[in-house]
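Take a look at the structures listed below.
In the two complexes below, chain A is the common chain; its partner is chain B in one and chain C in the other.
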Partner chain A sequence: MSAELAGALQPGFRNFLLGVAAVVTLSAALAVAGRFVPPRPAAAFRTANRYVLLTVLALIVLFPIYITVLNSVLQPNEIIRRPPTLAIWPWEADWSGYSQAWDQGDVSSYLLNSAVVTVLIVSGQLVTSILAAYAFAFLEFPLKRTIFVVFLATMMVPFEVVFFTNLQTVATMGDWPVVGDHVGLDTYGALAIPFLATGFGAFLVRQSFLSLPRDLRDAAALDGYGHFRFLTRVAVPLSRPAIASLALFSFFSAWNQYLWPLVVSDDKRTVQVGLRQLRGVALDQINVTFAGTVLAALPLFVLLLAFQKQLVRGLTAGAVKG
Partner chain B sequence: MTAVPGTPAVAPDALRRAPASAAGAPPHRRVQRKVREALLGYALVLPSLVVFGVFVFYPFAKNFWLGLYRTPPFPGLPREYAGLDQYRDVLGSDEFWNSFWVTVRFVLLTVPAGIVLGLALAVLAHQRLRGIAIYRTIFSSTVATSVAVASVIFFTLLNPQIGLFTYWLGREGGLSPLDDPDTALYAVSVTTIWQNLGLAFILMSAGLQAVPDELLEAARVDGAGVWRRFRRVTLPLLGPTLLFAIVVGSILAFQAFGQIDLLTEGGPEDRTNVLVYAIYTAVFKEGNEGKGAILAIALFVITLVLTLVQLRFLERRVTYER
Partner chain C sequence: MARVVFQHVTKRFGTVVAVDDLTLEVEDREFLVLLGPSGCGKSTALRMVAGLEEPTEGEIVIGDHVVNDVDPKDRDIAMVFQSYALYPHMTVAGNIEFPLRSRRVPAAQRKELVDAAASALGLEGLLDRKPSQLSGGQRQRVALARAIVRRPQVFLMDEPLSNLDAKLRVQTRAELIELQRRLETTVVYVTHDQVEAMTMGHRIAILRDGVLQQVGAPQDVYARPANLFVAGFIGNPPMNTIAGKVVGDDGGLAVGLPGARVPLPDGIVAAVRNAGVEEVVIGVRPEHLRLDAGGIVPATVTVVESLGHERHVACRLDDGTLVIVRQPSDQAAPSVAGTVHLATDAQHLHVFDAASGDRVGAP
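Let's turn to the complex of A and B:
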């Protein structure tokens, strides 16, 4: 083990440690500088300690991502080199892995497929959820409660319980006239159709609709608004937070789907299933795997950075609200 | 609907409070309105109901029927009715119980550890420090990695030729932890914990935000130390969040598939052959739908039990709060 450690302490690893040390020192320095007046030594020390702890943990959490990004810009022979290269200068980066992943690795078409399917699923879920939620929140009709329970009951059936029969269903639909070409095996329609409605989405939007003041509806009626105008001009705009949460939530789950695209698609592979292909490439092209992984993960990272607040709300909608 | 004709001249406010349908309309008009409203209600829930009917309830019900018939060894031969015998065979088989216990072990390995780590990070990041937002983003970052992305990242890290983890573990060139029957499930679990860490962190942070600062401050004034404040104030108030995380985490862990498919394909020696992977193998590799359907029913029952546990506790919590 100690020999192993000594081996690891070769230049690459030493650079890495130096990098860590630099970051730690820098953030500690920043911390101390930030609370410059009045730096009671004990308090400053405690603050610095916290930064050190947070930084070390952040580096551990980020390590798998860091190493993937790093390997994506190394050449295969450098990736295999031991002791491993753990840091390089940005201008030494080799971007050929990305262009290979994009072209030969088909990542461009995987990403396109994922994007199309995700857009279909998200818009489908938004439309069906908003319509159903409107009925549940603002309309009276016999069996309303029963139908609502049916919606909730769908949340208790995991997709993993029904996927193989659904595969036969879309295969059968493929033989139907007119629509067959759009919902049969290996089509965008087949990838999206089982997910075009969700009980969760209808529930989430209904809750938001119910929280709108009743007076609003009456006022809108007085202004001559019918159901359609009330829905599109009042209810939906006022429920934007809930709808945005639902949109982000369904975007994430649609983009990340694995089981269904794996069994239903062959030519129209989504990027998640495409990764399975990339995983198996030869070692002399292994940088392509890393580049492909980065490309597959990038869209969600961008979304996370852009919409962190809404996403947090969407993900915790069930947890914190009673 | 438009304002009702013949309404006496009253103040706008009073008018606003009156229901827009107004008692002044002739009875047959009111009935007509009700019927139209009901029809609109059904029309709005219909799209969702169609999707649920075709892709949730039909395949769900079909599972019970599929389980009654032995799938012929070659397609085209008639199905042989086996009644409940097949249920007894499948649910009594070593294979099923192996999958069940592997899945339970996987849940126990991933859910508690994930929650504890998420909570630890959330507590650390729940303080007023300059730049803490950066750490929060980093700790939630793995929420943007899909199962497939995380699996491919760890697949490369655990690769016997290029993996840094195998290198640091001194196993380079030998058996990958993923191919070693004694460590495969742990390797899959570490991948899963890392992938879910961001979600756990977000959930726990949201829970912590709901803990009133005044309570903690009061406890501090009373002389309670950090650990005591955490144990006696924070933890009890986090109860609902923790319960939600445990139940939802367990349900999701019982449905794990992608990481198994990408990392171990159920092996070595079936040590990672979780329930959903067993369903997948039964249907797609053995072509045995009857067996797959029965395994799927077992998965459903497990999910149902976990959901009911959650509903029971949630109900209690709501009455407790109000």
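Let's turn to the complex of A and C:
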């Protein structure tokens, strides 16, 4: 690392990097040492190592979040002070950035927009995925396999590829009679419609439906339940884990969207786009930007903490069932 | 309370013929057992009655109506699955109640019916549990309770006991018989276990490769199997079968067996003559064979199995055919590798046409 580069880095960040380097070196040394000690201690060494490494990785991931939260409660002049304040936490936190972001910065309405769009997308994805999954899992119809493969194939197409087509579609939809005002550019409809169905969702829920014993469907048919009531009373309750995972994934991706809302929204800005607007505010209010960022991320944190298990299970769901 | 009729019912899955031209009438309040080896089409036949499979050809009648085009839920039947098919996310009470809910039975009446069904099967204390918190036997009873709760005309049961251990199976067998008598319902019961069939059925229908082999009361099927397949399938140990040739025997007929010549009883002679068969297979149940110094068929003892109350003596005839003799324990056991002579009474001989396997003589 050249001295020039090191000097260019913020001193705080440099210290952090040095810390990381130290821990990595230490754990590498431990790993090497582990090879030269007798078997049983070696296992203990390896475990210790694993924890050290994981801790380091966690620190690397958490560091930017920490800096964001920290900066959101510092005065602007403290944020830009060089060298930075070395305290882990400023004991005289300044929370005014939050109220400014909420009111003047309009983060409250951005959050509302994001919430509306996210709810539309999540519920839309759940409904379409569950219905499609049911058809693929329980019904017989011509070309079933082919259609399913086409569904899966949509997962391979990046959104950017169909970006302009979608944009054009949404723009045209604005001229539709009756619903035009709700689906044209700069409406909640426009923000949500391209994301209301996903091949991934149909796949995930189908896997779960397929794992239900066939006898359950037959028993329900004899007990007087048609397809729809079997779906709502039996199949969905029994597939709650998969459906919850889908809801979470879809929530995260909907909430974090940037490119699409940036282009199609103007008044109805979502929070990720709104944050950009916050950055436009004078540099002497940089703490407001940080506060807005924290506010935007807060719902995700809450969900993450509440549903950790579901998320991990969802990540591995496809792997187990194949 | 209704009869169930198969009229020339055939079911094909692609090229597989699962049920082949089945014609069978199950009478009202009858306990009929469909018996056969794995893959013979028992489940398929049952599922066609339930409406879960559609017959490729033929008609299914329940009561007085052809039900081919009637939805499963409108056929007024209930089915107990081998896997029990309980809804894992519902309590026992919820499971039993489920068929009533779909039929919009009022809540108060629902509760009454659930309680009645639960107490009929001794499930009172378990109503709030989930299926995963029950033993296999308890689950099986919940499945039965769910089936009886709406008093269907016909019960269909697909190997409902096969997931229970041997002891529980015997006990549940008796309970099922009692239940059927109490409810006075028609039952079609599928099993591959001939002991279940013999003990439970008013009549047994034996299937093989989708083809009905014989229908009759257990004792009749046992005493007069219609062909070699039934003879070998019913009874444990199975009927002994020995290949032989029909020969003339001063006015009567006899069968030349390995090492001996056995005269045929008069009752069968005419039938054998009419049929004009030469190559036959003689069948004798193990309990109808005796080890008797005066016997006419010589054999060598290979294995002696003692079951406590009786003995199974395996012997080889001169041509290598294996024959089992059931012998009461109080008789002297033969020594292994020793030579014995087998005897039987003429009325216990079964004669089958070697070519077709069909029984010759009185059916």
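Just so we're on the same page, the second predicted complex is superposed on the first by the 248 of 322 C-alpha atoms of A that agree within 3 Å, B and C clash if a C-alpha of one lies under 4 Å from a C-alpha of the other, contacts with A are read in each partner's own complex, and residues count from 1 in each chain.
We take it that a residue touches a chain if its C-beta (ideal position, glycine included) is under 8 Å from a C-beta of that chain, and two chains touch if they have at least 3 such contacts.
Quick caveat, the model's predicted, so the values are computed rather than measured.
Participant: Considering only touches as defined above, state whether A:229 meets chain B (first), chain C (second), both or neither.
Facilitator: A:229 sits against chain C, while chain B stays out of touch.
Participant: Counting only touches as set out at the top, which of chain B and chain C does A:237 meet: first, second, both, neither?
Facilitator: The second partner, chain C, only.
Participant: See if chain A has more residues touched by chain B or by chain C, and give me that chain.
Facilitator: The partner making contact with more of chain A's residues is B.
Participant: A:308 contacts which: chain B (first), chain C (second), both, neither?
Facilitator: first
Participant: Check whether A:58 is in contact with chain B, with chain C, with both or with neither, and answer first, second, both or neither.
Facilitator: first
Participant: Have a look at where A:219 lands relative to chain B and chain C in the superposition and call it first, second, both or neither.
Facilitator: Touch partners of A:219: chain B and chain C.
Participant: With the two structures laid over each other on chain A, which partner does A:131 touch: chain B (first), chain C (second), both, or neither?
Facilitator: So A:131 only meets chain B here.
Participant: Of the residues on chain A, which ones does chain B touch that chain C also touches?
Facilitator: 215, 218-219, 221-222, 224, 226
Participant: Across the complex, what residues on chain A touch chain C?
Facilitator: By the definition above, chain A touches chain C via 213, 215-216, 218-226, 229, 234, 237-238.
Participant: Which residues, counting only chain C, touch chain A once they are in their complex?
Facilitator: Its residues touching chain A are 47, 50-52, 71-73, 77-79, 81-83, 85, 87-89, 98-99, 102-103, 146.
Participant: Any idea which chain B residues touch chain A in the complex?
Facilitator: 1-3, 15-20, 34, 37-42, 44-45, 47-52, 54-60, 62-63, 66, 121, 124-125, 127, 129-132, 135, 137-157, 161-162, 164, 167-168, 170, 172, 194, 197, 199, 202-203, 205-207, 210, 240-241, 244-245, 248, 251, 255, 257-258, 261-262, 276, 279-280, 283-284, 289, 292-293, 296-297, 299-300, 303-304, 307, 314, 317-318, 321
Participant: Over in the complex, which chain A residues touch chain B? Could you list them?
Facilitator: Residues of chain A touching chain B: 1, 4, 8, 27, 30-31, 34-35, 47, 50-51, 53-55, 57-58, 61-62, 64-65, 67-68, 71, 79-80, 82, 84, 127-129, 131-132, 134-136, 139-142, 144, 147, 150-151, 154-158, 160-166, 169, 193-194, 196-197, 199, 202, 215, 217-219, 221-222, 224, 226-227, 252, 255-256, 258-259, 262-263, 272-273, 275-276, 278-279, 283, 286, 289-290, 293, 296-297, 300-301, 303-305, 308, 311-312, 315-316, 318-320, 322.
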